[in-house]
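One chain, chain A, appears in both complexes that follow, with chain B as partner in the first and chain C in the second.
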Partner chain A sequence: MADRRRINGPPGSTIPPVFEDDAGQPEIMNGKGRDRAPNTIRKMFLKTGVTPSASGSAYLEFEDSGKSGVSGLKLSCTVHGPRSLPRSSPFSPHIVLSAHIKYAPFATKQRRGYLRDPSERDLGTHLETALRGAIIADRWPKSGVDIIISIIEGDQDRETSKSQGDETWDMMNALSGCITVASAALADAGIDCVDTVAGGVAALVQDAGEDSTPRIVVDPIPSDHEKVLGACCIAYLPTRDEVTNLWFKGDLPASDAGLYTQLVENGMQASRNANRVLVECLGEATS
Partner chain B sequence: MTSSQQVLLSPAELSYLHSSLSLTPPIRPDGRSPTQYRPLSAETGILPGTNGSARICFADGTEAIVGVKAEVEKTKRKWDDDAVYTENSHNDDEEQQQDGRGEASNGNGNSDWVELTVEIPGYRDDDPSTVFLAQMLSEALLADGGFIKKLRINRRFHWKLYLDILLISPPLSYPLPLLSLTTHLALLATRLPRLKSEGDEDPFFDDDWAAAPYLYSRNPTTKRIAERPPVTLLVMAVGGNIIFDPSKEELAVADVALAVSIGDATTSQRSQGEDDRMDVDSGNSGGRNLKLLSIRTVDPPSRLTPPGVANAANSAYGHAQVVNTGANQKMPEARQTESEAVEGVWKPPRGGAKAIVMGALVQKVLVRGGVADEVLDALEGVDTS
Partner chain C sequence: MATATSSTGAPPPSLTFARPVFAKLSPHPYLLRTLSPDSPDQQPTRNNGRSPQQSRPIQINTSSLSQAHGSSLVRTGDTTVICGVRGELLPVTSIPQFRPHNGTLYDQDEDDEQRARKELRDYDLLVPNIELATGCAPQFLPGVPPTTLAQTLSTRVYSLLHGAGVVDGRGLRIWYTPENKKEEGDMDVKEEQEEEQKPEVVAYWVLYIDLLFVSFDGNPFDAAWAAVLAALRDTKLPVARWDPDREMVVCRKGGDKGLDIRGLPVACSAAVFLEKEHAEVGKGEGNRHWVLLDPDRSEEGLCKEVITVVVDCSEEETRVRSIEKQGGTVLGRELIRGFIGVAEGRWREVKEATGI
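What follows is the complex of A and B.
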């Protein structure tokens, strides 16, 4: 359905011209892929209270990898509420949570429209699941809270042409960021949670080169690796040691159950790391 | 709808359900064993206007039909694809090499060659839960690149597959297992016209429908389907029990619910001779080589259920006059909600699930000769020709 109310950009894809590097080879070929240790996540910047008009807000930025044309993830989250439900809505003994995630039209390689597409709605559902476990929902009967996240810059490598099917892996990274930033914004809004929930991603990747075996890394950047074989995004409550949302995608043989367990373990580790940043940021905000 | 729909059960009913499902062995409201699926009737090829179709009716009255339609579509050239931007692509060597590359990049296909829509009566098609279902089913289908490769015609054209999934009864239970099984059967019954043209010329097809090959090819001698589409199983944990294919009431007291998509890796990527031998082998070991394709947490509606009030906190009950301390007066609702768990009083679960519990759920799905095998065997019994 075309959006007729706004002036939209050209319908087809518009990809800026890409010029060959001096090296003449994409970076994957040079063997310069991931330069972090497999168990460290990228540095991130988190700040709460950035939007004065909202009851709670937070901004999250992931470090970019320093390559030209590659941007990190930039997220802005606002929380509106808790506020009373409209008169028309049915009684609810709990707070009614609604999460909206929207990519800015310019956030990704492929331009996004103004209306939310299925993948964005899907992300919203994942986020709701992750947060619903963390919020103590029965302290606010008959009220609602809206969580609105705009992804200002999606974490995509503009130069990689061979990013076939990479969007789903990017979505996992985006979701983990969304969970962390939403958790910070909820805390900023003063909504009671059992714990701060943070997101983490772990992936089974295959690097370029003949003799490389698949290995597990946390916080993967798909363009750093030859192929992503499977990934899982986890929302984790560290003090309760509980997982509120688990999203796994990939192709693993069932006989190798250890691989799945390792992925989940690493995802939890990644979210513990993110949680450390989150807790520090909230501590700064209150002091 | 679906999982996050408001459940019309009282706290007392929920508490009863929860405690009977937590027994060992659990007692389910409809008397099934924990791993038992609802009985179902299935048929395929019900819609003559489609390339493949199926209908499944569960015993509880929920019914779904799936129609698969295919269209020929021109493959978009990727902007880095091959010779378009290079000048010296006309000599044969280069051409050959590019062919290989084209094969590699185009052969992978693109996830938008498949369009999957779910329609549930009474719900908007952009409702988050409908979108969630559609994404979950398409994710499982696309998880291994094998399915998309089947849709390739040549370097310039591909099939575009439209899967339309319709729930034709009201959603009496979370429809995921039903929709997944119906899609599975419809894909098995899907046939695409036989290609007559060769190479990269414009595709030209045989108009004899009887000659049309199946999308999921059959072994010509044994008539056995070599490879099968994925299925998604809904599994939940309550107390210490793991329950498959929960009904709506059971899902309302779930601690955690997962949708696990599995594929059958038994015979994929094997040559024919090996295939026959494997048949014998798998007959001996009694199980398939399953593979794990995707897992999603389904938001259990139990978090949205109304909590029960214990007698000790209920001033209307008579003997328990609640003492209003200073803190309680400020937050009257905290008095009720922060009470200790009392036997027989329903309290919606709070927080998430332990990773071990989730791991156990996944393990139970993937175990050899388990429910997944049973479901795949049952589906194999359906006549899809």
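What follows is the complex of A and C.
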């Protein structure tokens, strides 16, 4: 059943353009590589107050890696509230968070529809968990706050072949950006938090070449590496030294427990770096 | 309303609110007071500091998105909109009721242009959609179906795209000239010889035009239309050809071609602010009015009558592409004619911002 409230276009299905030299891609891929140190994240730009009519808002952009066709992440976040809950909702002694993440139709390689798909809902749940640990929720009983994030441009390489399955890893980067930008928007809205929460990603990657061993990098770009073995996204409160959300995906050998701890440590390090940008941005906004 | 009109005389001494508080509490009398100053040497101003006929400066950036074929970001005051255009392919086999094209590749006449325009409409090759539910203003929250405003805006952009004939449909066709293979023809060979050499349309580009409001502060149509036009001008589609072996359209990297966009229609909106908020229809003589160009969110809430004029001055004489007016009876023939002059001024501003 087509969505009758939108303009749907031709009844027959349309196909995204197929390029004739798709098969020749992997050779070009090998020339690329990560040119940052393993423990540095990309430069980012953060600004609050992009939507004046909202209670709080922020815009985050990651630097693009300088390769053609690879975009940096661009996120816009608005916060509405705290405001009273509708009459129909049950009593809540705490603030009710609702996080909503939506990819813009033009954000990714494949055109996205206007209805939220399960992966976007999943991201929303993770974001909600990450923020719940930072907000002092019992200061606003019977009220709710809406956090809405539009992903204007996803962190994706247009050239990468689909077989790599990088969509799942991209979601990690997107979530870490979402956490940071939402935290800035919450601060802009003046909602009390115990600390500024920021997101960070660390991944265990395998580079191209026969003799390379897996290594841990922060803020990975999947197309830079041959394979991503595992990644974890951390939401971390630096002054309290607390992790509010941890999301791990991948395949790690169970024999090496140290590897997992190391991955989490690196994620926290990435989050600390992002947090510095966040604090500086908020300092600029208030001064 | 009686209090509002009587208070215009002497300045109320008991007013202890700060100006923004008063503006929020009773917006209509407040705007009325700023528009009708006591002394004649004061210029009438609006709450936002603009004069009634002053629009917000427009700022247009293009090509900032890498996943879309064309993109733009338009900012007028606090209204910010992002537009991305993405081309997808529609093979003629998946068009129900497809009528084979009887023109040729080299037709450049008027007829072919008309036919291309009809194709755009019949096969629905332009798909504009406007998303307001991004929290761009407190009344637009996600999780609900598109609001009436979002639906109206999408439809207005859609009809203006077709009505003004902005996109040349001939650039969206993908041609294929079959090679002559006489020996393989199992039907009447002589007849095929003549037909097969004729190029035929095998697919069309469909342009998905998606608009996302980042920030909403009134006058969404003007900003959205400027964004659509800037993004379409920025759009570069890859070179596509039909591959008879794979029976599909394949594109080549490099050598992307821009669309053929005709003219530069610019939308210009204004709202009519009435002295008496709930004046009866037909008794409007004593009711003063102000035409507020490029209204913001708070002004839109106070005005019922709005007018949108789309003009194009890129040719020698000004062409009016559309006039839409709703909600009142103040703007008559004379005022609309005068307003077209205002729209011409706006056209020059937008042209400068587009950078052409």
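Going forward, the second predicted complex is superposed on the first by the 257 of 287 C-alpha atoms of A that agree within 3 Å, B and C clash if a C-alpha of one lies under 4 Å from a C-alpha of the other, contacts with A are read in each partner's own complex, and residues count from 1 in each chain.
We take it that contacts are C-beta pairs under 8 Å (C-beta built on N, C-alpha and C of every residue); 3 or more make two chains touch, one makes a residue touch a chain.
Source: prediction; values computed, not measured.
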Kindly classify A:15 by the partners it touches after superposition: chain B alone (first), chain C alone (second), both, or neither? both
Which partner does A:50 contact after superposing on A: first (chain B), second (chain C), both, neither? second
Could you say whether A:78 touches chain B, chain C, both of them, or neither, answering first, second, both or neither? second
On the A-aligned overlay, A:119 touches which partner chain: chain B = first, chain C = second, or both, or neither? first
Taking the superposition on A as described, I'd like to know which of chain B and chain C A:244 touches: first, second, both or neither. first
For A:111, using the defined touch cut-off, is the partner it touches chain B, chain C, both, or neither? Pick first, second, both or neither. second
On chain A, what residues does chain B touch that chain C touches as well? 15
Contacting residues of chain B [partner chain A, same complex]: 6, 78-80, 105, 108, 110-111, 126, 128-129, 131-132, 134-135, 139, 142-145, 258, 262-263, 265, 289-299, 303-307, 331, 333-334, 337, 348, 350-355, 358-359, 362-363, 366, 368
Hey, which residues of chain A end up touching chain B in the complex? 15, 90, 92-94, 118-119, 121-122, 124-126, 128-129, 132-134, 136-139, 141, 161-162, 164-165, 167-168, 194-195, 232, 235-237, 240-255, 257, 260-261, 264-265, 268
Going by the contact rule set out above, which residues of chain C touch chain A in the complex? 65-68, 71, 78, 80, 82, 84-91, 94-96, 123-125, 127-129, 131, 134-138, 141-143, 145-146, 151, 154-155, 158, 206, 208, 210, 212, 214-217, 238, 240, 243, 248-253, 297
Chain A - residues contacting chain C, complex: 5-21, 50-54, 57, 64, 69-71, 76, 78-80, 100, 102, 104-109, 111, 114, 146, 148, 150, 152-154, 156, 158
